[in-house]
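Step one of this worksheet: look at the structure below.
When the chains are written out, they are named A, B, C and D in that same order, and each has its own residue count from 1.
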Amino acid sequence: MVKVGIIGGAGYTAGELLRILIYHPHVELVFVQSSSNAGNPVSKVHDDLLGDTDLVFTDALSLNDVNVVFLCMGHGKSKEFFERNTLPSHLKVVDLSHDFRLKREGNDFVYGLPELNRNVIKKSSRIANPGCFATGIQLTLLPLAANNLLTGEVHVQAITGSTGAGQKPTETSHFSWRNNNLSAYKIFEHQHEGEIIQSLQQLQPGFDKEFNFVPIRGNHTRGIFVSAYIQFEGTLEEAKDLYRNFYADHPFVFLVEKNPALKQVINTNKAIIYLEKHRNKLVIISLTDNLIKGASGQAVQNMNLMFGMDEKTGLNLKPVAF
Amino acid sequence: MVKVGIIGGAGYTAGELLRILIYHPHVELVFVQSSSNAGNPVSKVHDDLLGDTDLVFTDALSLNDVNVVFLCMGHGKSKEFFERNTLPSHLKVVDLSHDFRLKREGNDFVYGLPELNRNVIKKSSRIANPGCFATGIQLTLLPLAANNLLTGEVHVQAITGSTGAGQKPTETSHFSWRNNNLSAYKIFEHQHEGEIIQSLQQLQPGFDKEFNFVPIRGNHTRGIFVSAYIQFEGTLEEAKDLYRNFYADHPFVFLVEKNPALKQVINTNKAIIYLEKHRNKLVIISLTDNLIKGASGQAVQNMNLMFGMDEKTGLNLKPVAF
Amino acid sequence: MVKVGIIGGAGYTAGELLRILIYHPHVELVFVQSSSNAGNPVSKVHDDLLGDTDLVFTDALSLNDVNVVFLCMGHGKSKEFFERNTLPSHLKVVDLSHDFRLKREGNDFVYGLPELNRNVIKKSSRIANPGCFATGIQLTLLPLAANNLLTGEVHVQAITGSTGAGQKPTETSHFSWRNNNLSAYKIFEHQHEGEIIQSLQQLQPGFDKEFNFVPIRGNHTRGIFVSAYIQFEGTLEEAKDLYRNFYADHPFVFLVEKNPALKQVINTNKAIIYLEKHRNKLVIISLTDNLIKGASGQAVQNMNLMFGMDEKTGLNLKPVAF
Amino acid sequence: MVKVGIIGGAGYTAGELLRILIYHPHVELVFVQSSSNAGNPVSKVHDDLLGDTDLVFTDALSLNDVNVVFLCMGHGKSKEFFERNTLPSHLKVVDLSHDFRLKREGNDFVYGLPELNRNVIKKSSRIANPGCFATGIQLTLLPLAANNLLTGEVHVQAITGSTGAGQKPTETSHFSWRNNNLSAYKIFEHQHEGEIIQSLQQLQPGFDKEFNFVPIRGNHTRGIFVSAYIQFEGTLEEAKDLYRNFYADHPFVFLVEKNPALKQVINTNKAIIYLEKHRNKLVIISLTDNLIKGASGQAVQNMNLMFGMDEKTGLNLKPVAF
């Protein structure tokens, strides 16, 4: 059994991690830390977990009692955590914040997108779990980058659900505002752009085309709908071959022949990819659940890889479908 | 022209009042007060009013320049307002809070439900505008009370939209929580019960049956769906006659023959009433828009009456329908 | 391994059964019958099951190759099925239609509500799976009936999601109509009333109080929110004891202390029960997912019981939460 | 008074026309034709119009009794209508189908986008009312085309509500499917592309850049959210000047400084335009209500122009806001 601790256990991504890990066959949940909720049952905060767990939030960090910790604190907080704590050398870490996603001097975290870095992840002990938009968008482009086929500007639009913005109530997460509403934000300036470009350049060094990204707030709770397109000179069949080959042994990515809809992936760790060719453009749709493949499910997928388990262990989740 | 001032202009009910009054043919909007927004254009806060008005929020109360003020501050604030301000004697007041709805020594406000008190409202200068639940629920019961037919326990369930809870973001107004969700609250203890009983007793003195009311938070934005039932010995046709007669000259209340749906009244000042008889019970459905017939539309209806205008003036609103 | 066949595999309840059974550790899915889809991959119709199963719909009924069949055809069709087919004597049946729920001469089906009939279910080979409303409502009343405490009229309102009405597109399932909308239907006349009364009388013979039930169409997809109340002379604590005792060894029913919300149970087989006492009335809230505890999850729970497995096997489902 | 007839009165666009025209101060509604509903009250089909009109659907076409007819039949039906009927020479026509939007030999309809063709519309008697996507998209691009500034590829994504797909229930309009869902359709192949290009070329003859358009089905009922971008060498201020000038005397188009949200325009005839500049790209957002500015409101706007009335007459509609 892998012994697991969760740090920052009261937020959305921690809740989702708990929903997955509680029934993971090779995991023992040792502690769930939350300063604000220490002493409360986990199922009091994540109240859908009633009957699934008797765990109680703790404020203590029993880092010596676990094999891996998931860091689910806000952005910026993971870095602070490492400044304040010295971790046991055996301890593996999966960080769900953006603090360690970008490569730089002294950052020994591996970017935890299994479809890009699986072999390195397997040997790593520190994983920077990708952002939700970043996951959905990279999956539309990696097979092209792997073949040096990002030869023109990249055009991306992505629509995200309300859980992507976290649990703190705000004006744009107010039901009266958001129901039946849509708005764009951080147009061409989303903070996930950095990690996306970094991955594309990892596969296609020298990639320097413009990356045009319009993020949209949707009026749904879960899921990211990405539509991307780029100049592509081959045929649709050639494109499909590229994608099929690239994702051949990646069990969560599905290339579909029929134009898909977002709810096909909700409450699962799947990513659905769909291609069309028009004129000289290849259009790529990707669908993911932002809290699972875009966050906590991917974190578990990374943990599975780090501990030599089958990637899918504990991730055969019942889709919600409706 | 009736010269109008609005006090507490930044909230939901004030916004809705503005949406109605701006195109009211006999109203001149003189000022819209808001401490927190003084100096800002009204259309910056109520941003759907762009192009509809050039009004700017003010912090000054030009009470001598208007014929009527609408008080749209939070509950408790209207009472404070009267303690701090001396109003010109000519000035009429429509208060949208619950501060003056209950009769008591020294309270000279008339309860502003036109279907109950129209003739008194016409001669009044101070109106306590009813609560949204209270409006929808009273409309299901008044014709019975008027005929002393509240002879058994009253059973009421009502489902309200998120705008009923105001614009302050809270846990239960968070889109991620409320979308596709339902919950009950203040079961048998809702604060509107007082004004409902008061009105029922006005028509049927001595009414003392149990009043069982389960309020539900729905996952829609606007509208209150009330289902009520009570023991009734007559036939369905007799019940329909009672309701038809009671509402005969009330232009916003419609008795329908076909089981209705909430969106038929949304964005209008209408109330739809529907009856069924089963065994010895009369079931009464009422549908209203909580922000219009349940708040600001009714406030305008009251103003119309106070100033001798046709009740419907300015209230022929385009339904949203979808 | 229990060998399973599904008959009528293209509808909502069959889809939900498949989502659960595919990862049930002791089930082998042998065939999924659908006349209209014979030859198509199951994941083409239930397209969220992509990658979860390679099953293909068949038109053949290999009844000798399975231990149990689930009948997921429309109401009335199960009866026809039995008229046209002779079943192998070893074959167990779980019928999800209403065809065999009511006791009558020659009907040897057991009513499959484990919280009512668990011991009988364990020894049965034919189960009539309860209706969704019926499940949610019975759970609010059974502990009282078991103690002969249904001493007054029963008052029930229940709000159901759109999946309760099946997958055929209709006027009231049209998104443009249903979004943000509410309506009542079959007031005091819902077809589930028969099975509810039958169960109440099983526990409290002679129960003959009026049963007042207002069903509401909600604008959500999954879940049934029941609020019920009845005269109750004991204290709240006494009521809680009754419910706690009655459900003590039923693993899917949870009595909660905090007023709950529907999404706590969505995508799970749980039922949440919440009690309040006001005046001489006991108010009981129950929350269930109409497609799981109200249909396919309960069908699996029944199968587990019939085959001597732990009731929860395969039913530790990840809640969707948002 | 302008005497008005509506042909094809039972659909969404006719319902919306009725909601507007009933309170239009200079319109007399003479007849509303519907074969399938002849003899029924209009408010039986458009049941939110209860109390607003006593009109009854007719099957007769009293073309001599009206000054203008609105054709609200399905696409293709308007052409058939003209083949079967000879219209009185005085009769003006506003056609809401796509049958006459594209210029070709013998088509004497004027394309009814007032922001493009107002002066011609004023003198016309036959108007082809634009498509909903086409309206929202053209408004993002016309000011550039008017200045020959469409110098690069055009990138457009637009998200539409369920009312855009009409009232016939289908798989993708089923609430269980569409709630919380998203999907793309007719990618790069939407039928509105023709009329958009035609208008762009009217202002910028020779425009032949690629037009990349991804239409998305959103999970809302009303409204089209367009995000477009194109290479633009000027500054943001220069762009704003271009747009401000182009729309200076068009009362329904608003250039806003703050990133807007779709519900600001719902239930109004407004179009909101918002600009950002990033690198060498100009991003343009437009928001419209597909049933009003994208259909029936624009049809009324065209009628107003044809009859010499102020463009806004009857179109000061209360926004729904929430």
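One rule holds for everything that comes next: a contact is a pair of C-beta atoms (placed from the backbone, for glycine too) under 8 Å apart; a residue touches a chain by one contact, two chains touch by 3 or more.
Model, not experiment: these values are computed from the prediction.
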item: Partner chains that chain B and chain C have in common; value: A, D
item: Far-end chain from chain C, centres as C-alpha averages; value: D
item: Same-site or different-site touching of chain A by its copy chain C, using the half cut; value: same
item: Contact-richer chain pair [B-D vs A-B]; value: B-D
item: Equivalent-chain rotation between chain D and chain C, CA atoms, steps of 5 degrees; value: 180
item: Whole-Å separation of chain centres (CA-atom averages), chain A against chain B; value: 46
item: Interchain centroid distance [CA atoms averaged], chain B/chain D, Å; value: 34
item: Interface hub residues of chain C, defined as touching at least two other chains; value: 12, 161-163, 176-177, 179-180, 219-222, 260-261, 263, 266, 322
item: Arrangement of touching chains [line / ring / star / complete / other]; value: complete
item: Contact set on chain B toward chain D in their complex; value: 12, 15-16, 19-20, 23, 44, 46-52, 161-163, 179-180, 221-222, 251-252, 254, 256, 258, 260-261, 263-268, 270, 272, 291, 316-322
item: Sites on chain B touched by chain C in the complex; value: 155, 157, 159, 161, 172, 176-177, 179-185, 187-189, 210, 212, 214, 216, 218-223, 225, 227, 229, 259-263, 266, 276, 278-279, 281, 283, 285, 322
item: Contacting residues of chain B [partner chain A, same complex]; value: 12, 161-163, 167, 169-171, 173-180, 219-221
